[in-house]
Amino acid sequence: MGERERKAKKLRKGGDRERGFFQGLKDESFLERRFPMTKRVAIIGVGTTGFRATTPDLSYRELTYEAATKAYMEAGIEPKDVDAFVSTAEDFFEGYSIADEYAPDQLGAVLKPVYTVPGDFIHSLASAYMMIMSGVAEISVVQGMSKASNMLTLSEMVGFAMDPIYNRPLKEDPVFIAGMEMMRYLHETGTTRRQCAQVVVKNKRNALNNPNAGHGALIDVDYVLNSPMVSYPLTEMDISPHSDGAVVMVLAAEETARALSDKPIWIRGIGWCSDTPVLESWDWAEATYTRLAAQQAYKMAGIRYPRKEIDFVELNDEFSYKELQHLEALMLCKKGEAGPMTEAGATEIEGELPVNPSGGCLGVGNLFELNGGQKVLDVVLQLRGEAGKNQLKDVTTGLAHSWRGIPTATGAVVILSN
Amino acid sequence: MQELITKEMVERTVTGLSERDIREGKVITTTWKPNLRYAWDNGPALGRYLAELKNGRIIGKRCRRCNRILLPPRMFCELCWRPTDEWVYVKDTGVVNTFVISYIDWKAGRIPKGQRPFTPAVIEIDGASPGMGILHLLDEVEPEKIYIGMRVKAVWKPPKERIGAITDIKYFKPY
Amino acid sequence: MGLRRVAIVGAGLTKFYRRAQETPKELAYEAAKMALESCEMRLEDIDCVVLGTAPDAFDGIHMNGEYLIDGAGGKRKPYMRHYVGGGTGVLSPIHGWFHVASGMFDTCLVVAEEKMSSCYPHPAGAFLTIFDHTTEQPLYPTLIWIFAIEMNRYMTRWGLSKRDIALVSVKNKKNALDHPSSQVAAEITVDDVLNSEVMAWPVNRLDVSPTSDGAAAIVLAAEHIARRVTEKPIWIDGVGWALDTSYWCTRDLYYPDYVEVAARMAYKMAGIREPDKEIHVAEPYDPFSYKELHHMEGLLLCKRGEAIKLLVDGVTQRDGNLPCCPSGGALGVGNPIAATGLMKIIEIFLQLREEAGKRQVPGKPTCGVAQAWGDLMQVGTVVVLRR
Amino acid sequence: MALIERHQKTTDITYWEGEIPLNYIYTVGRAGERFFREIMENGRIIGARCENCKKTYVPPRIYCEDCFARLESSYVEVSTQGTVHTYTICYRAMDGSPHEKPSIIAMVKLDGADGGLVHFLGEVEPEEVQIGMRVEAVFKGKDEREGSIFDIKYFRPIK
């Protein structure tokens, strides 16, 4: 029996009474004793199926089961050791009216505290984090799953999210919203389409070295610029193709995390924010939601100079310009600097600030509500030194960011350290 | 007596409408018919289940740890959290666990007078573990004569009409 | 950061109607605005917003949580939606509680909204697609089937009569006469229930809660804020929730295990050992008449199979020993899914503050419990409130 | 691997098709009702003014999204002319089918308002469109208006 397993067993032997739900909660001194202000939460296990354009041989249940098995094995736990679960799902992406019904079985969470966050995976992560911080759980699990290939009318589903009175009746491919946003972004910042195309080239190249990624390719800038136009100035190659896959993560409070894991990855800061969903009130150039979410996360992590203190970033690049826009909103460079930075290679793996070393959405695939899951996963792997050929040297702090896709203005940020 | 939320406060919040207001255009409305179509991957468990239904058989899967025969089959036991073991054919007979006599269809519309009401039931299939039921319809029996504990048997579609779906069983009837 | 005491300090509720002219955003706004006004707070005092809304299939907007942001007051704020089908309403304060108790935020606006009337030909059609798409939907099931299935099992297990169960409808619809938001309050008799049309035996028309449009909102605050904002904060002392397997046909439906697990979790946290004695007022979820009894048993307010006795003896009347659904519940006030759950929380909040007007239960209650249920007979969400 | 048994042949792989079969009728709400009535009857566009935040919302709302003030009594008329804030040339419809002729969609900021409308541009070629271009609303004939966003046919450049 290995050291870790012994620790795990010892922990379990103590049983629920030791570390389960809320004993003695009414005892006031209990608060200070059990929840010092320094309480920390770590990710102690991650599991994924990898991401591919289609996964025809597995149902959504089996996909999640596979990811969960890996995550639990890594954390050295069984589902019965978990205090609470959070799943991530949007009804119409799963094809159910009440998608959360189908969450518990494949996580081993039958008759356990489970709920669903219809948001990004990072929202769920934040929810599970707060659960641990508030003392409801010592170990919690977050799950996200994408079966994008099963949606036959995907653009209509995305369009179904638009305002039914003012926007949806136009009956245009919802990508037009991104086209309009890109136009204004380029206009205000002076960024060029060529610089956006460079993002695609970089991310698809990075993805070739990521065994989990499903859309790696070696292309050049002209290939992107010459691909068919979808919504000017957005071409087909500027839009990330979608992927299937599942991610499950195990979170634990400090003591448990140290007992169970050799390489806990600490959640130092987490933030999420939504701007107005009304297109008519958008400012169209800046990703304010990301800036505010990042501010919250930086504040929590005590980060004052993001550019210096963050070693690398996994951020949402569902559309090529979004990587640049988000990079600026994360305050990692000034407005208008992200394009030139990318062109100069500063965001490459060997650059000064590696961005999306995993390949991002453009290289891994758009996973919808799981997008954040892939980002956090790759930050965790980098920080553990398990990122294979794409491994960055001497990284200690990484940032994962996600956006909920058109037509929303919702983003979430998490800062992780090893 | 003190009241935090009063009728006056609440009345102001919402304007009630009738179906007629909407139908006759007294208020402005927009309509939408979403096109939400899916092709869900069956995976090995449900895939085999449906394929066997096409053959006129019901198949389950055993979990050796809790010794349950699971129906519909699953690749993992949700209680033991482990992969399931062997495939097991179960019978196409069973016992009514509970049932309904429904006079409305799925759109909440009433069925026409004279039409037989729907009689869906949870049927515990013989050969599967006790309590392991599936949802299906009952027929060839007066609705009033159905009772919990009644023994029933599947009535299959002719082999040529079967497509590998739960509806390959037309309904269950008493036997 | 650490575990902190969290209180409900304000509440707002819209009228419940079968069809509302207001958009979902406007409904959410009306409730949220009233909640803020009730505790004299401004939107800028709110640190974060939590939203509960059940299936997108009712409102007819994909990612309904995103659509509602501005109406719920979530613009440029940390905003998160959560979801457990019908249990969403009571999960709302639980999720809000995490936000505040974890130390991340000091104040939280919790909004629950549902506009079911947009869905045609009938909102019930949205329930077809809650069933398993491969093994159940081809049979065209409806939600009422599954309720009737459960009710039949429950009645058969304990040998109950429909006549007794109908008393729940009579009681709740009568209680709702005093509720400002009520949609279907009425003075009816047991015979009215039994003679109303049979929808799916054993469920009659008057055993069923209506479909509704409506919204509800509450404001949560950490202890140091709550004491400044109000003289009568109502504390969230216990939270619990649980989700059972989605293979619902494999469970014996006569008893709601999921409610029991959730209730035990909440009671343990609140230090309640004898729920039947320590809880003074309860709001079990009652979308169907038998469900109130079913859930009282799950909430451990009585022994299994004995809820009916309390009902028949009048113990659960508003002036009884254990008032259940003094608001009028989903059967009387209306059932805009997520908003109903939060309406129940608000009712306990008002009862404990003794601000429920004519609905006030006697005896200065100090501890109440609200519960909701959801999904395929799967979810129990429970909140224990104390003053 | 997590599963001990998998499909071994491509031909064993199956899927199940289905849909979510629903229809919707949306009311346009209290503010929407005023907005569309004003267009239908008077060919005017109204917004909602928040004096507190000094903002005019178009389309109007019953509340200010920043300060939550009630705006129902402060609807104001705004211009039917405005400026292209941003635009795109869209080649596909919502169902993914390609357009025969690409459509031009713009966010038009109306004069006197902080908001505006997202709508089509007409009577203009894609290459002529620019950010900052002045445009005006083209309404349908009064008897054709039915209370939809298409009561405004499109926006066209001011000549």
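Letters A, B, C and D mark the chains in the order given here, with residues in each chain numbered from 1 onward.
What we mean here is this: a contact is a pair of C-beta atoms (placed from the backbone, for glycine too) under 8 Å apart; a residue touches a chain by one contact, two chains touch by 3 or more.
Every value quoted in this text rests on a predicted model; they were computed, and no experiment measured them.
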Check your understanding: More C-beta pairs touching across which pair, B-C or A-D?
Key -> B-C
Review point. If you average the Cα atoms per chain, which one ends up farthest from chain B?
Key: D
Revision key, fill the gap. Cα centroid separation, chain B vs chain C, in Å, comes to 25
Exercise for review: Would you mind pulling out the distance in Å between where the CA atoms of chain A average out and where those of chain D do?
Suggested key: 30
Study note, to complete from the structure: Distance in whole angstrom between the CA centres of chain B and chain D is 40
Point to revise | chain A and chain C: spacing of chain centres that average the CA atoms, whole Å | key: 32
Check your understanding: Multi-chain contacts in chain D: which residues touch at least two other chains?
Key -> 2-3, 6-7, 13, 15-18, 20, 22-30, 32-33, 65, 95, 148
Check your understanding: Tell me, which residues of chain A touch at least two other chains?
Key -> 56-58, 62, 65, 92, 95, 97, 104-105, 110, 150, 152-153, 156-157, 160, 164-165, 169, 276, 278, 281
Study note, to complete from the structure: Residues in chain C with touches to at least two other chains are numbered 19-23, 57, 60, 70, 75, 121, 125-129, 133-134, 245, 247
Point to revise | Overall pattern in which the protein chains touch one another (line/ring/star/complete/other) | key: complete
Review point. What residues on chain D touch chain B, complex-wise?
Key: 2-7, 12-20, 22-28, 30, 32-33, 36-37, 95, 147-148
**Study point:** Contact set on chain A toward chain B in their complex
**Key:** 55-62, 65, 78-80, 92, 95, 104-106, 108, 110, 147, 149-153, 156-157, 160, 164-165, 168-169
Review point. What does chain D use to touch chain A in their complex?
Key: 1-3, 6-7, 13, 15, 17-18, 20, 24, 26, 28-29, 32, 57-59, 65, 85-96, 102-103, 105-107, 114-120, 126, 131, 148-150
Point to revise | Complex interface listing, chain B residues touching chain D | key: 15, 17, 22, 27-42, 44, 46-47, 50-51, 75-76, 83, 164-165
**Study point:** In the complex, chain D residues that touch chain C
**Key:** 16, 18, 20-33, 61-63, 65-68, 70
